[in-house]
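Consider the two complexes below, in which subunit A is the common component and subunit B and subunit C are the respective partners.
Coming up: the complex of A and B.
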């Protein structure tokens, strides 16, 4: 890859203030060509502002943006090779589906025949053939979303920005639409930047995710990397469920940190080259990485703790248990319901929890 | 069993209540529109006489104790025979149309500006639009006489500037009538337009801009077509009272400013010809109502087609 493809979108030191409020705070980011990149964050984290800066709908207070090597920082939205799909689609209510999709081409001054051809091809891509004469108020949520997608893709932008693309759809539709969106992305090879608060959506869709909090990126990486190796408590907690357990550092020598974690039954060793100045650390453990059994684990080597099931939820494919350990801590466990039998572990049952040491993560603040 | 009875009773009571609520506007229209209209229509079918009231009665008691009804269409025929009325109607339409056009041209930017200003400023600006209503309409038109007359404010100012060396003839012309109408009816244009424009979703303009539309193109493609209902409402609110306007042409217009409101007034009070005055009023009403009914029917058709 050339450097332009590696750094297809370059965000350099971008900040945006609204009066006293700092929405985006000195952010740097490089997005590859053709990547499906998600910016994940809670509301108010600054993710939508950053997307609007990319679209040219907000002027950054500081910093610059390059797309394909061209400085976009002060370019008007209508001159950018970028299109955006708005959260509630922002379809023109007085125009037909055809006119909505054709709008971008009409503004380019394209001739009628080419417009007709391109719109037809786009309607086929989003599976809306035969809907061209409908008005937006005659469309379902899913159909509106497809029109919005077609409208923002028709100019073949270098970058497509999507603001919460699935937020207005119900759950079933969301899942099928996610895969369709990925297909379209693969077919067109356009760089997608998605803003979402839905971690599941970000995980399913993205090549890489940037997690945003209070105007900063706290971690950037592949979904797998961020899920299995979160850098901080915030990231670990934000992406999926996790047990965050208090621990005290008892020993630190080169390459190794020993902590005392009461919830997991005492001393735990971690290989870590970075020395920590803090005394308090957090041991993180994903619920699905904890084994729950009614009898003592056969392998004596493995560490385990004893506890009592305080609560459990049955979700069909899996069950989630909240277990109170002998030390009085709560540990969440999820268990795949692999066998088609009645639940064997229930309320007030005495259980043994065990885990692989590799599953444990030591996190600072 | 008794539960069922109670239920039916309740639903009857509910239905009555519903009819009552729906009936209120109908009763209002019946009392204050239909009844006066019928009276005026009845008078328009009579002959003028020198009596109290000054027209022939509708019901006549004949000598043998029976009743007969007297009607005549002479008044309506008279309106068509004397070209004065036709010219006056036409001139009223022309004056009202041009005044409405100017009101729209001035009112739209004002309404747009108010709708786009930040919330606290918006309320102050709206208040400023409405404040002139607190002063009597008649008084405000009189004050325009002071502004427009030969030695009035405008002429004084222009003479002082040296732009003109002789005072302009402004008062008692059509121009003065236009100024008076545009000034008086501007709030009726601004308010419905504002109510429409303030609802416009800014993201639609952002979407247009994102898809390659410059600011003015976004206005033409999005803002303007979506504000058409506001434009229509504003224009009707200005056009309808303007066409029958009496005070403004009477005070600011010249002797040659023909408006149907003045003719009506003259027929009624100077000629004491109530039947002709009534006929003039009826024709004016038809002239206004028929196009509006047609227009609304067409609009309803379009909406139902769009929904189908």
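Coming up: the complex of A and C.
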């Protein structure tokens, strides 16, 4: 891979201020060619501003952007090899589906036959054959989304930017659309940059995710890496469910930290080369990595705590329990419902919780 | 209880409507009065309409008024659209507050003051640069454009703030330069608002008496001015006929404007 493919999109020290407010604060990022990259953050984290800077709709206060080795920083949006799909789809209400999709090609001055051919191919790709003459107000949410996607793909941009592409769809439709979007991405090989606040969407779609908070990236990596090895409490909490349990450092020596975690029944050892100055740490444990049983775990080696089921939710494929431990802490546990039997663990039942030591993560702030 | 209350509301409504529309209705009915005396009913007739269409003064005044109204509406729509566009789309520029305040001021300015200030302007212009050489249709038109464009600007601004800016951004993103975006996207979307702005300016110009009286000169008499001067010499029955025709024209204009606006609101949803 050449460096241009490794750093297909290069964001260097980009900042954007709106008056006093700093929306994007000195951000660096490199996105690979053909990657499906997500920027995940809560609203107001600056993710949409960053996307708009990539599209050229917002001029950065500082820094530069290179796409495929070409400096884009001061290039107008109509000259950039980048197209964007807006959250509200922004279909032109006075134009038919065909004219909406063909708009980009018409502005290029392409001849009519080629436009016809390309639009038809695009309609087939998004499975909207036969809808050419409809007006946007005659389309359902899902259909509008496909038209918007087709319109932004037809110029074969080097980069496609998607602003909350699924936000306006209902849950069922969202899942099938996610897979279709991935198929289209694989078929065209265009680099996708998606902005979303939906962590599930980011996890299923992306090759890599950048988590954004208050104008910064807090962690960048594959969904798996971020989920299993979050760098901070914020990331751990943001992505999926997690138990965050208070712990105090009792001992620190070469490569090992010993903490006292009341919720998990006392001392825990972690191999960590990095020394910590703080005394308070957080032990993080994903709910699906906790075993819940009514009898004492057979394996004596394994640490366990006793507790009482305070609450449980039945979701069909899994059940989620909130267990109050003897120490008075709440631990969330999720359990796959593998057997077709009645729920054996119910409210007020006494249970034993156990876990693999590898599942525990020690996090700073 | 509820019934009583609704009966009260209903009668209040009837009273309000009666207060507003019975005088107009009377004018319309009396325009078909056969009698020479305005206040005495003498049977149905259209003789005052016939007389009206044979009266050259009336026809000339009507022609002048409609000409002024058409030119006013056209220029006011063009300039008002530009002003409304700037207020809705350009978020920050030096003097924005001043600009938007000044655009809206003709809406609240007493007509007497607008008329007087424009008269002073025209007189001093005539003294210093020799233009306008005389006051008449041209000065009335200019005066009408100044206050009509304020209405158009407000209509266009409110329409544009409803139109999502991402439509224009999407067009730009797809390769259209700003002027192209204006032509392809913005103007077609606000076109109904421009039409209703045009119709509103047209009726405003047709209605105006005060400002036109200030800035007009000898030989240029608009329809409202003619009516007013005729009434001063005593009410003659043909005025009723003329008033009826004006009512019909203005009502039609406003109805079309309202219909276009409501249709556009429905399609925007």
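Everything below uses one rule, namely that the second predicted complex is superposed on the first by the 365 of 365 C-alpha atoms of A that agree within 3 Å, B and C clash if a C-alpha of one lies under 4 Å from a C-alpha of the other, contacts with A are read in each partner's own complex, and residues count from 1 in each chain.
Just so it is clear, contacts are C-beta pairs under 8 Å (C-beta built on N, C-alpha and C of every residue); 3 or more make two chains touch, one makes a residue touch a chain.
From a predicted model like this one, the values you see are computed outputs, not experimental measurements.
**Student:** Based on the superposition on subunit A, does the combination of subunit B and subunit C result in a clash or a fit?
**Tutor:** Here the two partners, once superposed via subunit A, clash with each other.
**Student:** Using the touch definition from the top, say if A:146 reaches subunit B (first), subunit C (second), both or neither.
**Tutor:** The answer is neither, since A:146 touches no partner chain.
**Student:** What is the contact status of A:93 with respect to subunit B (first) and subunit C (second): first, second, both, or neither?
**Tutor:** A:93: touches subunit B and subunit C.
**Student:** Between subunit B (first) and subunit C (second), which does A:83 come into contact with in this model arrangement: first, second, both, or neither?
**Tutor:** Both: A:83 reaches subunit B and subunit C.
**Student:** Which partner does A:185 contact after superposing on A: first (subunit B), second (subunit C), both, neither?
**Tutor:** Neither partner.
**Student:** Could you tell me if A:155 is touching subunit B, subunit C, both of them or neither one (first, second, both, neither)?
**Tutor:** It touches subunit B and subunit C both.
**Student:** Residue by residue on subunit A, keep only those touching subunit B in one complex and subunit C in the other, then list them.
**Tutor:** Shared contact residues on subunit A: 55-57, 76-78, 82-84, 86, 88, 90, 92-94, 103-104, 107-108, 137, 151-152, 155.
**Student:** State the interface residues of subunit A toward subunit B in the complex, per the touch definition above.
**Tutor:** Residues 55-57, 76-78, 82-84, 86, 88, 90-94, 103-104, 107-108, 135, 137-138, 151-152, 155.
**Student:** Which stretch or stretches of subunit A touch subunit C in the complex?
**Tutor:** 55-57, 76-78, 82-84, 86, 88, 90, 92-94, 103-104, 107-108, 137, 151-152, 155
**Student:** For subunit B, which residues count as touching subunit A in their complex?
**Tutor:** For subunit B paired with subunit A, touching residues are 201, 203-204, 206-214, 217, 221-222, 225-226, 306-307.
**Student:** Which part of subunit C faces subunit A closely enough to touch in the complex?
**Tutor:** 164, 166-167, 169-177, 180, 184-185, 188-189, 267-268
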